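Here come two complexes built around chain A, the first alongside chain B, the second alongside chain C.
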Partner chain A sequence: MRDDLKVGVFLCECGGNIADTVDLNKVREELDVEFIGQFENLCSLNGCKIIRDAIFDIGLDRVVVAACSPISHEKTFQDYIKPLNPYLMDMANIREQCSWVHSDKEKATDKAIALINASIEKVKQSDAVDPIYCQTPTETAVIGGGIAGMNAALSLAKQGTKVTLIEQSPSIGGHMAKIGKVFSPVKIAEECGMCLLNPILNELVWNENIDVLTNTKVIEAKRRAGTYNLILEKSPRYVDTEKCIACGKCAEVCEVEVPNDWNDNLSMHKAIYRPFGQSYPESYVIDMDNCIKCGNCVKECSMRAINLREKEERIPLQVGSVIVATGHKLYDMEKRPEYGYTLFRDVITQSELGRIIGVNGPTKGKLLRSNGKVPKRVVMIQCVGSRDEKPDGHKYCSKICCTVALKNANIIKHKHPDTDVLICYTDVRTPGMFEKYYKHIQENGVRFLRGRPGEVVKKGGNLIVRTEDTLKGEFIEIEADLVVLSTAMEPSEGTKEIAEILNLGTTEDGFIKESHPKIKPVATDVQGIYVCGTAHEPKDITDSIMQATAAASKVSEYNHGGVEIEPFIAQIDTDKCAVCGECINRCKYKSMSIQNDEIYIDPMSCTGCGKCLVGCSQHAITVNGNIDEKIFATMKGILSKKKDGERVILVFLDNIGYAAADNIGVNRLSYPESIHIIKVISVNRVRPRHIRYALENGADGVFIGEFPGDLMYDEVELKIQGVKDRLEELGEDPNRLTFSKVYIPYFSGLARKFNEFDAKIAKLDETE
Partner chain B sequence: MTFKQKINDSPIDFAIEIINDVKNSKDEGVLKCVQCGMCTSTCPAAHHSDYNPRDIIEKVLAGDESIISEENIWNCFYCYTCHSVCPVGNSVCEVNQILKQIAIAKEIGYDKLYEYLGFADSYFTAAIGAIPERFFPDIGQDVPGWWNFRQNLEEIRNELELDSLMPSKEVIDEVSKILTITGFKSKIERIRASEEVEK
Partner chain C sequence: MKDLPTEDILLFRSCLVSVEYPGVEASTKFVFDTLGVDYAISEKQTCCTGLGHYSDVFNQIDTSAIGARNFKIAKEMGRPNLVMMCATCYAINKKSVKLLNKKDRLRNHINKLFEENGLAHLKYEKNDLKPTENIFHVVDILYAKKDVIKKHIKYDLSDFTIATHHGCHYCKVHYEDTIGGVRNPNIMDELIEECGCKTIGWYDHKRATCGTGFRQRYSNPDLSFTATADKMNAIEDEDVDILVHLCPNCHIQFDRYQDLISKREGRNFKAIHLNIAQFIALAMGGDFDKVIGVKAHTVPIDSVIKELKEVKK
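After this line comes the complex of A and B, so read on.
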């Protein structure tokens, strides 16, 4: 039936690029098809006419275009074959993978014939399938109301996107609101952080496209065809933000004092409080863990804004994309008892120092020790919890601590020129313009000692920092009356929670992992979810804002472009499916889920690798597009043209490997004519029975290449080893099968591997 | 003075030799040292002598094999503090032990070992490492009750229904045999001979 299909082959001369090396006349003689067309540039509009006329005049059912690589022109020719379905056309790559890599005309011609024949056999197995278009809702959730989340939300809102900004604490603002002064390397000065933050906060509050939800967190997330259904939980604030005018009378009558965590617990606030002066919403909030429900505040409030019986609320939210900006927390100093943080009141962190020297802090900006006196010597210890492979330490550099120490040291020096400030460092990391800031701070008299202190002890009233001055090679005990620890940045609890809820990949350190560190720095491994700020890795305010706006831009791309998906993905027969969930466990791309008691396959994340269908006990899963049969047909097409004494090696590559192979041709390197490359949507689709078929029907060798970054790499490698073992059991030579890493830029390595494998197979052929 | 590094010099070889030593448990830890000095800042030997663990690694990484002849390396008494505090997972303590073994193999620093030969002897007489008798008076003075405990140890073990501390003769013979075949015995004899000469 499929053999009766009318197939037309169109040969492209490519202005001599192909015709000079491949004898197209001979090719025409060898092919057995309904129609053969030829033109010097098939991709031109004239070429389009030739193809279209033939389709109409002859009534072609299938089309093979023998020309360049499908990477160059597949879309063009899919368009040229209209009204045929785009997937009823196949390209035989006789340029990048034939005329550009071979010089022997006769052999190149034979290979071109084999490649075209493979396409003819393959296209006969093709069925009409429609590409899947996905349009996602444009509404976006931004999780986390710090500087990154605020900027991402604002950028999207200004582009017309409706944004819900979700913050779990009672106010947006994040860490930036509390750090006091921020460093500016270009101005070589410290600036008021709140003064920079406030305009952004105001703009955000007044933007109609942004809905700010504080005291709220995401507790559940489900995804279906690019739509996220989030369930939010809004904790009670016990104060109506619409009614409260933030007059503060309630706090005056409140009798309960609670440590003020915005001041790093260095001061107290009442159980009814406003988080900080510029907090938003501009409203008080009750700390119900500590409230004794005396009712004083309720009586005092003239606005009747307080309701002690308020309950938590669940809010459903439907969005198309999500930006995760859940931030960081600072290293827990209990993990480094040697620095005496929990023992000595005058051992503090940089964050606490920031509060102490902040004008809105516990001492109103006065630098005071626990005894109320100005310190004579401040010693700062760098890399606390960072660059530390010991248990509970972090291997990474927290990136900002050097500059934070410089900033705080300079502020101290500015206020108290007589106070000696010494920074104990391992390396001072001030890249780019920050180096100018470092020099400036040195000029201001801050001292530096190269050495990583081992411990802080107390001797006769003073703190002693024990360290080696490594430049002198001397052990030194430094007396200090204030020790400041530059603690590591680590992922916040919220970051860890959201990664779990949204099923996002994380780094070994618990930060949210980008889908590619170089070229996709804001995308996560889940489509439609982006990351920015310190939820991603340690970074400063500037970098957080840049990444936030980049994430917003990516959401806009997604919202405007929609997504077209190749239809060769898994499909489920719900009549057969027992909803056992095995496929969900097997899928490496997180594309399967249970929705409304049925297995749902997300077309946007499924790659068609077929791992799920192998594990389906009900045989309820298929992959669209007749993939297995196409692979058999392609092999048959090549092997049926094999001549006596000719060596044929079949090479299976997916998109990445195929691009690497094309690069060999583009760079005019060469490899043996025996190499015949077959493009597959996933190398996992090459089944053991395909490999056995190849070796039993004339293939001298089978080469399978996979990009190590592919999530299926390890599985494929294991599978190939399994097939090799099986071949050995069957008395076949397992050396005729090989598995290899492929990388797009490393095309010369791939060419070398082709040469080596061909030589190895040639030797095997000789000995047998 | 200018130190000249020739094109064929390979300073890293010394570090690699140490990494490949069977005693090294820290893989490539030595190579990851950034000379932060945390080891030295916590090292008791560094506080009371010129021993400097950071300096040891600096010399090893520079390929400076003269380190094995330095008196200071014998000041480490294996408290393992450097081992436990190193932020890059190195162990100067282990490196030190490897350096000492290299020294001993080259017959360097024998005089540092004379005092401890009694330990080695106890492996042949008791198949265990026992405190040499020459240390008894000091310990007796520093640890009240120790001498009494030591003298009545067998009796105390008896009361507690524990076996004798002393292994059987077969065990002792076997251990002695192993120590002889592996060259431990001849090594000890060489050191003792050297001590005799010095006397």
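After this line comes the complex of A and C, so read on.
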């Protein structure tokens, strides 16, 4: 009998993350199980020993681990319960969905008891099943052709993986191509950035495993059976890269001048141009927004490479994994009008200064202000848009600006020892070896003032920086010829777009969120998608390259190790099956096909949604894992702990919704204690009779969330409407059931929906 | 941007406007009438406590209680949209609504006080009003009617050099509700543009305080008037004729003390000071005495505006 099974519960204190909010002593008192263990860090090897010893000593049949989210540590604990089958363990998420979202200790403790009890009831319904291993295609897409994307692509290609590198602009190279000099803290010397980038670029271009697509972006992505089907849009270049020999004669005859964005618009190029000297593909490109179609270039081109009528192209691409390296952009200076960037020509950004002092820049490396003279007084303002709590500011530190300012200050000092350079800083952040570089620059005569300037104004031809010297406690006005702003790094538009397209979790600042900041720094919330470089958060070139190669290594792991799939998928009893094909028609995920006169179910694409079950006239299909019973048991476990006057709302979410709900906790937002989240493999598995059971047995409300990108979304929505109608007929209030869209990036929206639904149910309870 | 009402408005009277520049109220009514804004005034409404609050005479509990009483008056009149002529009333009332909605203990305490004093009818229920949806400044309402201002303009003031001074309590307290920019406030510049004029836009110290600082003007006059002088010098550098305000506190600081600061700085400041409602009313043909109320001004309006030029139709 399932009720006679010996269940052991293991409580994790999570170093106070759980135990500070949930009273674990009270939890222990309330549970009726064979064995209860507790440890400060269950996921540690000591935790493993506690669990394993109990399994052997007591002879446990089933295990419940009450700790963090299964997304964090399910695999760990499945391993720790050996020799038990991994699916005889269930995790009660009392951290992300309890201690991190609730602050009232008593209520949080009650909720933890209900969640653990749900897991106890559920795990009794579990049977031993074996995981399924699958192989995904090894082809990989790297999105973004900056230093991170280039390194990721190259690393994979050298390991034999076919890579498509997708870059939105006409050339790969990214920000590193334009920053001029870079520096290594140990060498205490600046060196040419392009000279470091070029060998990487060449190696990449010559590698046969890499296909570079420029002027191209991902506009659509679908995942099926471990394969990502990407749709790329390649904008016309109007110049055939195969024919163009980059002789530049076309540009000579072009009469249209356009601001050169590679030079931060400090110089002009023609409407037909090469982005920069070492750009790849080695070919010109036409800026069609500004081209007047005079045809001069077409006539001049002896290679007949120019085609003004070229059209955009859609390219389908199938890959098994994706690396996102879509990078950053710099803070919009319109948001800080007080610094006069839009008013005064001699207020520039560090990026622009980098172009000005770069030998391939608009002034060929000469430091000149707008009047053509060398500035005698340069003031740099740090933390522009970073560490800024005012409207439109970013609370985070952009990490690289201190060292960038030091570098540029030193280059100025080196070329023009008479020019005074003053850096107005909040704190100088130069960890590790960078501190030596900071000292070196102080010794070179660069001056420092602690204070965040309030504004930059112009008086009598002079720029004036107004600031408080916070060390002296004095207000001062500093005259300057050139003011340089160290602007914040923020996620690029491409980063924001790709997060939407791939449904990736993002931070509140819009960067792509890693699946765990400590132990999974390159994986995203979505299996098979990895992130690197500044799309992830502000970082320097070194860190970007390290993360890029880490991401490549993760893809290799994935390619070689295959993917472990939860075995809760459909199975065919071939003795009963009449091969009528009805299930093939019903399956939204196209996971079924006929092979060798039998129905074959692709384990990678079957979600276990159960739609095929209902249509099979032969009752030949089953879905592993006792799912119906588990849902009943979980609900029973929660509702049996309901107290008088307590409000209980059951929330059914699949993997995507569950990740979004976890993100609410990770970001320390809150929602009412009434919300009890139940993870299901597909929300379609929540049947009308489950919902009725819930409402008849004490649940005050039922909330079902589904990601609109799921192929079953429309169907589930329709089904829920049907259940609502039925509830009304039965005299129940259909408003107690709700269906809602859920997205991983919009966890705050989900928290809001929980709050609103709880308030609505509270009102219904009051009126009844 | 927030939804802006043009009806069911309680025009919230301001102590400083009534006492110092009654023309601001007359001008607001004149412009609202011209633009077809539905508003009323209540005799029952009291002071928001602003000056007293910032001088530590009224604590936050008293201030919120008085706010709750005024909100109830507005609701009972069926005019839940409170529109302030003074930036301080605006900031104070918005804060009170936020606190009354959010802080259960404060709300319960105030409601208990009402009950104990036979004022149970004044009790405030959570979310009776919403800070963003019910509390406005006159400039917000004018902004909602921005597109129709133009057709009512009678006089062309575009020959004057015009600058704006946006009050701190409109721009720097409830950022999320400020229209037209916080770091570079422009709502009045946009409204003035609708009158066919162009302001000088950005100028040195545009974002700075007027210097009033409530009690600072009296207890710390040096500091207070140094801030005012910075701004007056910047305005004079730009040769400004008219400085346009949205807060009577700032208006007083500049208009009443201009002469004193002129002497202090040894420089003859010439700008006149008009509230945005006065400015628009003037451009719409409001009477100098009955609408604009020029006699209440210290810097004579006619020292700059000597004659009015009709708009060429």
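Following the convention adopted for this analysis, the second predicted complex is superposed on the first by the 438 of 768 C-alpha atoms of A that agree within 3 Å, B and C clash if a C-alpha of one lies under 4 Å from a C-alpha of the other, contacts with A are read in each partner's own complex, and residues count from 1 in each chain.
Note that in this section a residue touches a chain if its C-beta (ideal position, glycine included) is under 8 Å from a C-beta of that chain, and two chains touch if they have at least 3 such contacts.
These figures come from a predicted structure and were not determined experimentally.
S.K.: Please tell me, clash or fit, for chain B and chain C sharing chain A in the overlay.
M.R.: clash
S.K.: Tell me the contact category for A:343 with respect to chain B and chain C: first, second, both or neither.
M.R.: In the superposition, A:343 contacts chain C only.
S.K.: Once the structures are superposed on A, label A:369 by its partner contacts, choosing first (chain B), second (chain C), both or neither.
M.R.: In the superposition, A:369 contacts neither chain B nor chain C.
S.K.: Determine, for the superposed model, which of the two partners chain B and chain C contacts more residues of chain A.
M.R.: Touching more residues of chain A than the other partner does is B.
S.K.: Looking at the overlay, does A:162 come into contact with chain B only (first), chain C only (second), both, or neither?
M.R.: neither
S.K.: Examine A:390 and indicate which partner it touches, taking first as chain B and second as chain C; both and neither are also allowed.
M.R.: After superposition on chain A, A:390 lies in contact with both partners, chain B and chain C.
S.K.: Report for A:335: first if it touches chain B alone, second if chain C alone, otherwise both or neither.
M.R.: It touches chain C, and chain B stays clear.
S.K.: In the superposed arrangement, which partner chain does A:107 touch: chain B (first), chain C (second), both, or neither?
M.R.: neither
S.K.: With the two structures laid over each other on chain A, which partner does A:457 touch: chain B (first), chain C (second), both, or neither?
M.R.: The answer is second: A:457 touches chain C but not chain B.
S.K.: According to the stated criteria, A:426 is in contact with first (chain B), second (chain C), both, or neither; which is it?
M.R.: The answer is first: A:426 touches chain B but not chain C.
S.K.: With the touch criterion stated at the top, can you tell me which chain A residues are shared between the chain B interface and the chain C interface?
M.R.: In chain A, residues 338, 390, 455 are touched by chain B and also by chain C.
S.K.: Can you tell me which positions in chain A touch chain B when the two form their complex?
M.R.: The touching residues are 338, 383, 387-390, 393, 426-427, 450-455, 466-470, 473, 475.
S.K.: Applying the document's contact rule, which stretches of chain B touch chain A when the two form their complex?
M.R.: Those in contact with chain A are residues 34-43, 46-47, 52, 54-55, 84-89.
S.K.: Enumerate the contact residues on chain C facing chain A in the complex.
M.R.: 175-176, 181-184, 202, 204, 207
S.K.: Please name which positions on chain A make contact with chain C in the complex.
M.R.: Against chain C, chain A makes touches at 335-338, 343, 390-392, 455, 457, 459.
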